[in-house]
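For reference, the structures are reproduced in the following blocks.
You will see two complexes here that share chain A, one where it goes with chain B and one where it goes with chain C.
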Partner chain A sequence: MIRWILKGMLRDKSRSLFPFLVVAVGVALTVGLLGFMDGVFMGMIDMTAKLDTGHIRFVNKPFYEEEHLLPMDRALAGQKKTLAWLREHGDPRIQWSPRIRWGAIMDIPDEEGNTLSQTPVIGMAVQLLDPQSPERKRLQLEQSVIKGKIPSRSKQILVGYQLAETLKLTIGDTATLMGQTFDGGLATDNYTVSGFIRFGVAAMDKKMVLIDLGDAQQTFYMENMVTDWLGFLPRSVAYGDYEKIKQRIEQGLAALIKNPPEDWASDDEPIVLSILDQRNLGEIIKKFELIRGIIVMIFSFLMVLVLWNAGLINGIHRYGEMGLRLAMGETHKALMASLALEAFAVGLAGAMAGCLVGGTVVYFLQEVGVDMGDAMAQSGLMVNDVVRGRLSVEGFIRGIVPGMTASVAGSLIASLAIFQRSEANLFRELETG
Partner chain B sequence: MRNFFHLKFYGLILVAAVWGCLTAPVGAQEIDPDRLLVEIDNNMWSDTKFVIGRLVIDNGRRVRTLGVETWMQGVTKSFSHYKSPARERGTKMLKLENKLWLYTPQTDRKILIAGHLLRQSMMGSDLSYEDMLEDEKLSQAYTAKLEKTELLAGIKTLVLVLTARDKTKTYQTRKIWADPKRKIVLREQRFAKSGKLLKRIDFKDYFATGDRLFPRRMIFRDMLKDNTQTTYFFDEIKFDLKIPPKYFSLRILKR
Partner chain C sequence: MLKIQNVSKVYRVGGQDFIALHNINLEIEDGAFMSFVGPSGSGKTTLLNLIGGLDSPTSGEVVFNGFHLNEMSRDQLAVLRRENIGFIFQSYNLLPVYSVYENILFPLLLNKQKESQVRDKVMALVEKVGLSAEANKKPAELSGGQCQRVAIARALVKDPLLVLADEPTANLDVENSHHILEMMRTLNQETQAAFIFSTHDEKVTRFVNREVALEDGYVKSDKVKQPNGELI
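Now for the complex of A and B:
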């Protein structure tokens, strides 16, 4: 019987090739599109976490409320004690990194030390000098420094490559930073340009510079102080779990605020934020998930529609066969089960082929990417200029399940026409045929 | 009877005249606002000036005191040398015409304050570098118009609205509360082109020095910030002294 069905399927192209192609194309499109969307979206989350918010952020509330002004005087003191508390009360999977966000004027001197050019810059201070620092790997500094080298000595600075072009900087130039100290005084310091960095985000390449955390603490008189504690979670932790991890830290926070480290200011009140609480990412995620669901639904619906019609046409074409099989004693249910099995097999083959095609496209997008250049810079989102796809098991499942469901559902809906007919009718139609 | 009506008529005129005098701006009839502005400038400005002072900066969280000595020549040249605290010691600021340079011992560099930097807070105070650059005679930069009279700290003042002659000025409008008798300013408000209040300055504790009246302290408030104020104490002030030209040369901007 199985052999007979297989032969029938292979010989009758309308039973195999057409539904196979429909499922393959549908699954390929779904896998490809969702893979690309996932890539862009997860790229945005990764980029935002690495460069800006971490997955979990521990920050002083007065600083956070005015962070657009980079109020250094709202930084959080007691660096070592704070880290110890975070390690004790935070999720053990979190890797905590202290950072200082700062803003200053960068002044470039001529040979005689007079001002040649100057511009406001946004800066981030991270642990740069230690070759074992996880920040180096996290920010992919080895790959991102496109000229010069990562700072190896104190008072060296990495400059966004577009900013460097604008200021006509060369490696080894002096750059003077003018900003505010922790207590509102004037902070000025000379740095040596050690390299140009490509963050991959146009806005940052044009405005941002990186210095070592210890240097920033010295320049801005922030000994034992940082503006942010960024927590990074492994990739295996889904963003849906961030809220729970955040809440766990919050549970112990009230006691810490009540009995704070002695270095904290009286009005210091740290808060815990997940990446979804910041930069409107929570809302963006909700919309993204909605759009993803709609896309899957549309593709599934179209596939069901096409396969249902294909099944109907195919069913009419096979009325004689159905009548004969019923006359030979096969039940309606067994007949439908056989049709569903047939559809399942074709759906599986189509889904595999679709995954292969869609997966290849996503893999290409993941490895090579598409350079969107300044188009993304205008969006204001922290998205890499080169947008990439993301190949994942979830992506395949999201393509295969609707593809196969559509195939089986289309066949079942079409076979209802046979289920409702009696053997006599089908026989008559066979004779007429 | 006729005489009675005459008396009543003249009485009414007298009452009206007294009422008019009481309600009219003090001395408004005889005081020309632009002339008053010139007299105020004559009191505050001299050919040269030397000040030993303190800038007490309260940013709402902490109070810092900077010791500073300033030499000024006319409205176009000034040199400030910060003496304390240790961290700011040796910082120098030189204004020549419409340019401003900053020297800090940490960098051992002359930094031209221009563009974005002009709007930054000067040494963390409520003053901006632009404030320092636009420190000039009001009568030369603005035209005055009398708005009203007002009692300020028990003193009858004329409120003058000053409009910038130059349309590129940061503060297109200023409002001053002037004491017309002593030719001094008690309060000043500085407005942006949009009409937004940006700065408020209170002039306190005027004292006589030579034939002038000078405030012992000026309190600056940046109205865009909350709970901040900077008080400039004039501990010692000398007018019309001879200042060596080296003070107004770029060469002074070094260790």
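Now for the complex of A and C:
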């Protein structure tokens, strides 16, 4: 019987091809759009994580509370012990990276040592020098350093390319950093400009410089201290899980605070943050998910609408067939079930085709990406200027489920008339063909 | 096999009662080959409807093969039709996307039989109605007479007790009509399925064994064929 039904469906294009195309197009659009949005969004999360917050951040509360002032005196000591503790009590999937956020005046002297130009900079210190350092890859230094080289010796500095332009820097220039030491004194140190870096975020390209973590600890007298521990999770961990991972680390934290490493200051009190707690990302995610939901709903609604109409037309087209089947003793329920089966089959085929098309587009976006050029960089959002899609199982499900539901729902709404159709007039109805 | 007892059918049209059938009493035996004749509007289709359990009488009772149709639910009636009653229509009503073979197969699939087990039976019937060469053709490629032969085979394939045919020859020319009636009579004798058809075609008379004439919802006459071939 099922084979008989499917055979009829395949032969009658009006009951297979059109609804198939509707579902395929609807699902392709949904999968494509959601994949694109997911990609942009995950790109934003990733970018923010790499440059700023990590996925999980372990930071001293006094530092975090005044982080806009970059109070380096609130950095957390005991680097090795802290790392050991994090490795033991943190999630095994996390890669921990120590960083120092610092602020200083950058002074560019001329040959005689007189100030040529001077500007406040925001700096970041990461483990740069070791070619094996995961930070090199994480910050994509190979691609981001658009002129010059990645520092290979100590006391070398990478300068945001727009900042370098304003200061008219050339590679090899000396840059003097003047800031506060850990205990409030004046710190100055000379660095050599080794390269210009392009983060792809306007705010950073204009203000940011990058030095090695060890150099920063020397320059600012921060032996064995870091301001941040950034934890990075693999892409396979969804952002929905960050909160859980954070809470698990928090559970062990109380014991650590009660029995802290001896070189911690008495008021040191590290806290664990998820990226979603920072930079308003939690709110943005809620909005993003809302918009995504609305998009899925709109597409589903449109599909239901079109398929319902297709079903109605089909119902007229097959009025005789339905009447005949009722007369021959098929029950109303069986007839509806057989129509639902047809709709299910069409929906499945359409959803598969839609996934294939939408998925291919997203795959292309994911692997190749679309260069939005400066438009993105200038937006000030932490979004990479190469927009990428993101292919995910959930993305497909969000396309397939509404596609199939729309197909079955549309056809069932349309065939409700069958349920009310009475047998009493079948003879007369069938008379006229 | 079939008892129609004091059956009346009243339609309500525009707030007024219209009596389509007046207190009909008929008894029809197994293997009957009979017709309801009468002018348009006399109630032939209405009566076939009641016999087939497609509609229910306003009063009176239809008893088919021991089943009191009044007491059965819509789904039970559907099962009864599916298993015991074949239908033939004036305008054939074949399913256009299926071949001759598949159209005839369909009632068996409805009765949950497997195609592999009934293929030979269906093909034998295809041959019996003379359509072996057309078995794989679609209805659109057939003549009216051929279509009606498919419909006959489709009605008979499930070995029904009763075949109801509403004006089966109305769309056919004289030659084809005779052919169809001849074929139905042969099959009636071979299969023991009873045939009841409605018609306003006088020529049909000579094929049937019994002829019930209806007029304005009344049974005007009920003639049974004598051994000499005359209806009385």
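In this section, the second predicted complex is superposed on the first by the 389 of 433 C-alpha atoms of A that agree within 3 Å, B and C clash if a C-alpha of one lies under 4 Å from a C-alpha of the other, contacts with A are read in each partner's own complex, and residues count from 1 in each chain.
Basically, a residue touches a chain if its C-beta (ideal position, glycine included) is under 8 Å from a C-beta of that chain, and two chains touch if they have at least 3 such contacts.
This one's a predicted model, so the numbers in the text were calculated from it and none came from an experiment.
Engineer: Under the stated touch criterion, which partner chain does A:R11 make contact with: chain B (first), chain C (second), both, or neither?
Structural biologist: Once the two structures are laid over each other on A, A:R11 reaches chain C alone.
Engineer: So in the superposed three-chain picture, is A:K61 touching just chain B, just chain C, both, or none of them (first/second/both/neither)?
Structural biologist: neither
Engineer: Which partner reaches more residues of chain A, chain B or chain C?
Structural biologist: Touched residues of chain A are more numerous for C.
Engineer: Applying the document's definition of touch, where does A:G320 land relative to chain B and chain C: first, second, both, or neither?
Structural biologist: In the superposition, A:G320 contacts chain C only.
Engineer: Given the touch rule stated above, what does A:T115 touch, chain B (first), chain C (second), both, or neither?
Structural biologist: The answer is first: A:T115 touches chain B but not chain C.
Engineer: According to the stated criteria, A:K147 is in contact with first (chain B), second (chain C), both, or neither; which is it?
Structural biologist: After superposing on A, A:K147 lies clear of both chain B and chain C.
Engineer: Between chain B (first) and chain C (second), which, if any, makes contact with A:M328: first, second, both or neither?
Structural biologist: Touch status of A:M328: second partner only.
Engineer: Can you list the residues of chain A that touch chain B in one structure and chain C in the other?
Structural biologist: none
Engineer: Residue numbers of chain C touching chain A in their complex, please.
Structural biologist: 45, 48-49, 52-55, 74-75, 77-83, 85, 87, 89-93, 95, 97-98, 102, 105-107, 109-110, 112, 115, 166-167
Engineer: Hey, which residues of chain B end up touching chain A in the complex?
Structural biologist: Going by the criterion above, the answer is residues 57, 59, 61-62, 64, 87-88, 91, 102, 104, 106-112, 114-117, 120-121, 123-124.
Engineer: Within their complex, state which residues of chain A touch chain C.
Structural biologist: 1, 3-4, 7-8, 11-12, 320-321, 323-333, 423-428, 430-433
Engineer: Under the touch definition given earlier, write down the residues of chain A that touch chain B in their complex.
Structural biologist: 73, 105, 107, 109, 113-115, 118-120, 176, 178, 180-181, 183-186, 188-190, 221, 265, 267
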